[in-house]
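Just below sit the structures, each encoded as structure tokens.
Heads up, the next two complexes both have chain A, just with different partners, chain B and then chain C.
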Partner chain A sequence: MERSFIMRNPSVLWFLLALALFTLGVTILSEAFGVGTLSTSFIKTLGKTLCLCLIAVAMDVVWGYCGILSLGHFAFFGLGGYAIGMWLMYARTEEIVVNSLNEAAIPPTQQEIIDGIGTQIFGVVGSSEFPMIWAFSHSLGLQLLMVILVPGLLALVFGWLAFRSRVTGVYLSILTQAMTLALALYLFQNDSGLRGNNGLSGLQNIPGLDHLGQATISMWFFWASAIALGAGYVLFAWVTSGKMGSVIRGIRDDESRVRFLGYHVESYKLFVFTLTAVVAGIAGALYYPQAGIINPAEIAPIASIYLAVWVAIGGRGRLYGAVIGAAFVSLLSSWFTGGGAPSIPLGFYTIQWTDWWLVLLGVSFVAVTLFFPKGIGGLFDYLVRKDP
Partner chain B sequence: MSTLLEVSGVTVSFDGFRAINNLSFQIGEPELRAVIGPNGAGKTTFMDIITGKTKPDEGRVIWGEKSVSLLDMSESAIARAGVGRKFQKPTVFEDQTVRENLAMALKNPRGPFDVLWYKKTAQGAEKIEEIAEEIGLTDELKRRAGDLSHGQKQWLEIGMLLAQDPRLLLIDEPAAGMTPAEREHTTDLIKRAAETCAVVVIEHDMEFVRRLGCKVTVLHEGAVLAEGSLDHVTQNQDVIDVYLGR
Partner chain C sequence: MRFLALFFAAAISLSVSGAQAQPADLKAVLEVHADQIERPKRLEVGAVVDDLIALGTPEVTEFLQRWQNRELHMREADGQFFYIGEGEPIPLIDVMSGEVVGTAEKSEIKQLRPNAGVRRVLGSALVQFQLSDPNILRRVAAVDSIARRPQADQLAPLLASIPDEPDAALKERKERLAGLLTARFGDTTEARVAAIEALSGELSLDVQAVMNQILATRDQVAVALPEDENIAEVYDVGTDLTEAEAYAQLVSAELASPLIPNDAIRNALAANIEGGFVGGVPVALLNTDAAREEAYATLAEAGTVPPLVTDADISSAVQSHVFYEVYTEPDIAVTDAANDALDEITTRVGVNQALDLTLDGLSLASIYFLAAIGLAITFGVMGVINMAHGEFIMMGAYTGYVVQLFIPDYTLSILVALPLAFAVTFGAGVAMERLVIRWLYHRPLETLLATFGISIALQQLAKNIFGTQARPLTSPGWLDGAWVMNDVVSISYIRIAIFILALIFLGLLLFILNKTRLGLEVRAVTQNPGMAASMGINPDRINMLTFGLGSGIAGIAGVAIGLYAKVTSEMGADYIVQSFMTVVVGGVGNVWGTLAGASLIGFLQKGIEWFNPANTLAAQTYMILFIILFIQFRPKGIVALKGRAAGD
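Up next is the complex of A and B:
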């Protein structure tokens, strides 16, 4: 008697169609598989943008649908990046060390190889010992598991403590900021085991795939990011539809009423918080191999605030709004801060967009909040007239 | 008629002010009871205690055949045990349709994963139709709850209570802001609900209470001042002094 979930949510199909066309278009214009109009670095920018869209969709679910203004989701994104980065760095360094030792007269022992890798990776922080947390770094499978487990467990424990104590609203936002700040400060230390402020680098070099070249690898990551965004979108569209969506939106609008209907509100918040954190981790794991480097500055508190700004500008409470906001603002941001936008000479003063972009973004955010609470996504309401 | 809920010796203080003072109260199943009393008498706080929103400083709240204490249970667990509550200010989910509001209240497993995998059933749809008919919102099922009139929202909220299949219904000032015709409909709804379960109605309006035609408990300064038929309590000198004779 029930129509399928996709049929009840035609916007999901439209989104997937648009994403597929975009992916196809980029492929045709790529260096590796097409006519070569788009540079490899631009492909990487687009692939990274898709990952940002994915975390924005997660942010929209936790904030726009469930009403939890988390200002810490970039911590989960960063942890996903670190988890995959550890394997990338280990396996890549192993290749280099094995190659160079093989040139020596006596074949190297296993211990010599491991010591060599340790010196290569941890030399910058004055160490050569592998810290405990690198125990699984030799295994791609285990580190991929970490991409899910580390952000998931952190979100589970943090959320359990916060929601159980009924911390809500602005207090919860502050608590999530504190979480991401504490994590960033910890990672900045040289003895954190993750190379302090150097972070993990060379992540664009995929072990064993050197012969393919960056042009091809960048396309692989672009496709993977597109698939992840599509899958994440469908997952979240499913979670926020039907009865689950009803309860989640109910919690956003009147949490105590939901409680008196017999729903254990804290479990629902924990579920949404943890699920979105896991997806954020996956998005990060796809993002950083395209960025090439991850360091603690990536999870500074401001990053998570930007995320909320993207979702607000795109239009919260609708998934495609989050995608539009993240894509639009992050691409615009790299255009302005990368010197793409021409300076405006005013005679007595020249507006340099590298300095003024943040002001423009701040003003846009305030304007959207005050005058267009539905954000850019709200424009679709004028296009599609819903029957009453 | 067996006792469903027994509140005994309950006291609550807010910053030293005793909002509920050694209150005792019993209700059987099925039974209809009206609770009246001047503003600030502690009527809403009394409901807060039963539903777990406020924890009392002293006293016991005992529920059901197994005589479990509601004081050790969370709000959601109390609701699942069979206590439904309607708030003084109508609180429905304005952003969702009438049908979605009712569907959320339907008695079904309430865990996140139960809800995630929940499939609509024919019985569920039937029950929603039934309740919509009962509360007079059959034609409004597809409308946003926020677009309903004040009276319709109150009914929707009562409908949500009925959908929960409760054993005890706590209804706080249902007739406030209603037209006379709407009040009449509301009284009918409440009386019919009370045929199968225990219902406690808080109301200011004497005419409304008279129409309910049930036992009345008068609260004053957090304690029971009088109890009995409406005629009985309205002739009580204490009641006349503190409330009716003002």
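Up next is the complex of A and C:
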């Protein structure tokens, strides 16, 4: 008899337990629902980190399991953020415009409200017309659908084109990088309809929830991020286990051999690529309301490369490795660049970590690739094997 | 009888000229206009100048010049004007004879200081005298001044000065300028048409400007098309201009009452609220345009507000008028000739722009070639993507900068910097290959990430050492400026130098790869490392040298790029993606492939920019999209290796 999914993957249970305990701990220490040790801004940082962990898990599946080194997954993350940001910005501006117009002697017409919103949102790029892509921005439901559809469709089309013509290896990496660069450059234009390099801002103000205060809203988003990470983890654990998981790993190890065994390699790759893109979009949709602003610089190629760095440092081919890598490197990075780390005086020169953190990261990244190809997650193997 | 009539006529003409009597000499003119000369105003001084010019005597030029240069003085006692000489007491020089006629103390005379506006008027009046000045510098200045602000009255003096012009080059310029002026201000239609036709063979900006000025138009509206106007185009409402635009023209021609905008309706309604109602409609219901129009119509009937212009009004008003464009130039023969000339000029400019675009594309392609060839070599031979390639470019550029700090002579410093940049980046490349890359040969994706780690470390290191601001890498003086073929086609010498550099490297690489022992071994390792090793080639050594060579060329490319762009720690990152594209499009492991890739990308980028010049971001976006699609059809690039050499 087949063993149940959980029985085959005990790490899933351990991960969910750890995530639940972490969430509970943060809730108890939060301002809104607990003793208030953790500031609201730190809660937001933690919530954002959970979202980054989620996209890192997706990246791990596509790279660590399927062997596609995508250097463009942050594009999907950003598109998810833009999709939700459009609704947030529209609804929020609508509240403001309606309030101000209602103070006039004559009640406003629908057209006047829409014109007012358009002027408010697109004034910075010298326009007041709503572009076509904002057609659904008034509806939360439709925009949530966009969070899934837009990254999913882009991944589907791009993946279909790339896998069909059997672009593999470093070629594919470069091509995904080109994709995210093209998207970023496109969004940088003022007439892209998404406010050019101003991006979408004020996303931390959730329409209709102003009375709750940021402390409470940040906790809500923290919980949502934790749930999304948990659900995403289970989903990917399920995808990468069983027969399908074997095929996917087979593609990573020897694509031609799997093809000759009769599997339709392209479909598997396309499925993994698209699914991870959708999850990346969802992660982005949770991330940017906590960050408050999204602009095209977020999806520059470098962001996607960092994503690969997190996964590599955390340990590829194991989902918890990606979570550890993303959390560890992104929190460490904000500690170093935020001036948290003490400077090291060398007598003739003082090492300021804000200046030297990237050097350290780069060098340690090379070291991890050379000496610990399994990353931090590899340490667990070490512990488990030593102590059976 | 006839004699008598003649006598009378003469008498009349005498008396007429007597009534408008022109003062006979300079002194007399000065006397008449003493007030204006003492305190000239820009708008009024023209009359004085006209009178002075009408005299046409040589001392007038002298006078105008001295007046303009603030050398004219006035004796306070009697208001007489003099120039002054050196000495104490000050000698006074007569404005007509130029001889010393007396002396005065400093306190007795006053220097006249016309303001800048007046001096400009004087200057343009002087132009016609300066055109025939014996000093060539003055003549050139006069021609320059006319070219800057062409005016109708300058044509005659300019034409008059041409036959006596001794300097051949200046004579040519004068003739050309006279042509331009004739086209615009000539007396007869024939002269103007002839001048325009003569100009149609040119493509310079000033000729285009003249044609456009002749062809300047204005929009007009009338009930019926007028006969006596030089009509450029009759608009068809609906295709050439919208009904709203047409109506706006009617309004601005005061042939129709202005539209009442929605804002005005709302304000009018707000001003007429009475007890919660406007025109019988409750205020709360005024949230649709229909309700507002209804309330407004009621108000209009009561006469409180001007009536609304309905769509029907607009249509009928528009239909009962014709809308057309007329030339401000009334002579139809002239505008026809100018149109023909402009067409010809446009074609000519188009051809030259295509040439210019080709040069631009060529120069961009040579930059991409230089930036990418090193990457292509390492990728081809070792199957390794070097993400730190961009940082090697940066390293080369900073080497050039540091060399210039020590060697101030720019020519010498560039000659030192090129080999030094090669040496530095060659060393860095070899070190990187020995320390990192050779451990990762069987894991190409990890090489990509490890070299990325090196890339961010190097970039930050450069930032820590050189700071974030851009550093200059100054090109030697003989590379300044541009090779200008005409007003449209030009290319800077630096870009020509980079093109030549790219050619040199193309030749050098072809020589090394095809004619030397090293090249033979490199090609062998590229095609089959295992077989090459069994033939006694040491692949380790070849890999190391290839990597060093690729990095060294990146360093040289860095110096070249630094010469026309600023040197910053991020400059490598700007070129790395383009370099990847070049390699991927061109095909791996082949110099010709890189050349093809660089040419395709360079020309494509310039071509797209030409279609949409305002938006270089869009150009880059479309180019990347094109490349993504291109890879679909030629996944291995333009020049693909065939057979076993292809790897998989």
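Quick notes on this one:
The rule is short, and it goes like this: the second predicted complex is superposed on the first by the 384 of 388 C-alpha atoms of A that agree within 3 Å, B and C clash if a C-alpha of one lies under 4 Å from a C-alpha of the other, contacts with A are read in each partner's own complex, and residues count from 1 in each chain.
By our rule, a residue touches a chain if its C-beta (ideal position, glycine included) is under 8 Å from a C-beta of that chain, and two chains touch if they have at least 3 such contacts.
Only a predicted model underlies this, so the values are computations on that prediction, with no experimental measurement involved.
Model built by superposing both complexes on chain A: chain B and chain C fit together without a clash.
When the two complexes are overlaid on their common chain A, residue A:259 makes contact with chain B while staying clear of chain C. In the superposed model, A:354 makes contact with neither chain B nor chain C.
In the superposition on chain A, A:178 makes contact with chain C only, while chain B stays out of contact range. By the touch criterion defined above, A:369 lies against chain C but remains apart from chain B after alignment on the C-alpha atoms of chain A. In the superposed pair of complexes, A:271 makes contact with chain B only, with no contact to chain C.
When the two complexes are overlaid on their common chain A, residue A:239 makes contact with chain B while staying clear of chain C.
More residues of chain A are touched by C (comparison of chain B with chain C). In the superposed pair of complexes, A:250 makes contact with chain B only, with no contact to chain C. Between the C-alpha centres of chain B and chain C, as viewed from that of chain A after superposition on chain A, lies an angle of 100 degrees, to the nearest 10. For the overlaid pair of complexes, the smallest distance between C-alpha atoms of chain B and those of chain C rounds to 6 Å.
Comparing the two complexes, residues 256 of chain A contact chain B in one case and chain C in the other. Those residues of chain A that touch chain C in the complex are listed here as 63, 69, 104-112, 158, 161-162, 164-167, 169-171, 173-175, 177-179, 181-182, 185-186, 188-189, 256, 301-302, 305, 308-309, 312, 355-359, 361-366, 369-370, 373. Interface of chain C with chain A (complex): residues 262, 266, 269-270, 273, 278, 283-284, 286-289, 292, 379, 383, 385, 436, 439-440, 443-446, 448-450, 452-461, 463-464, 573, 577, 580-581, 584, 615, 617-618, 620-621, 624-625, 627-629, 631-633, 635, 648. Across the complex, chain B is touched by residues 1-2, 239, 242-244, 246-247, 249-250, 253-254, 256-265, 267-268, 271 of chain A. Residue ranges on chain B touching chain A, taken from their complex, read 51, 53, 74-77, 79-80, 84-85, 87, 91, 93-96, 100, 103-105, 110-112, 115-116, 118-120, 122, 125, 160, 164.
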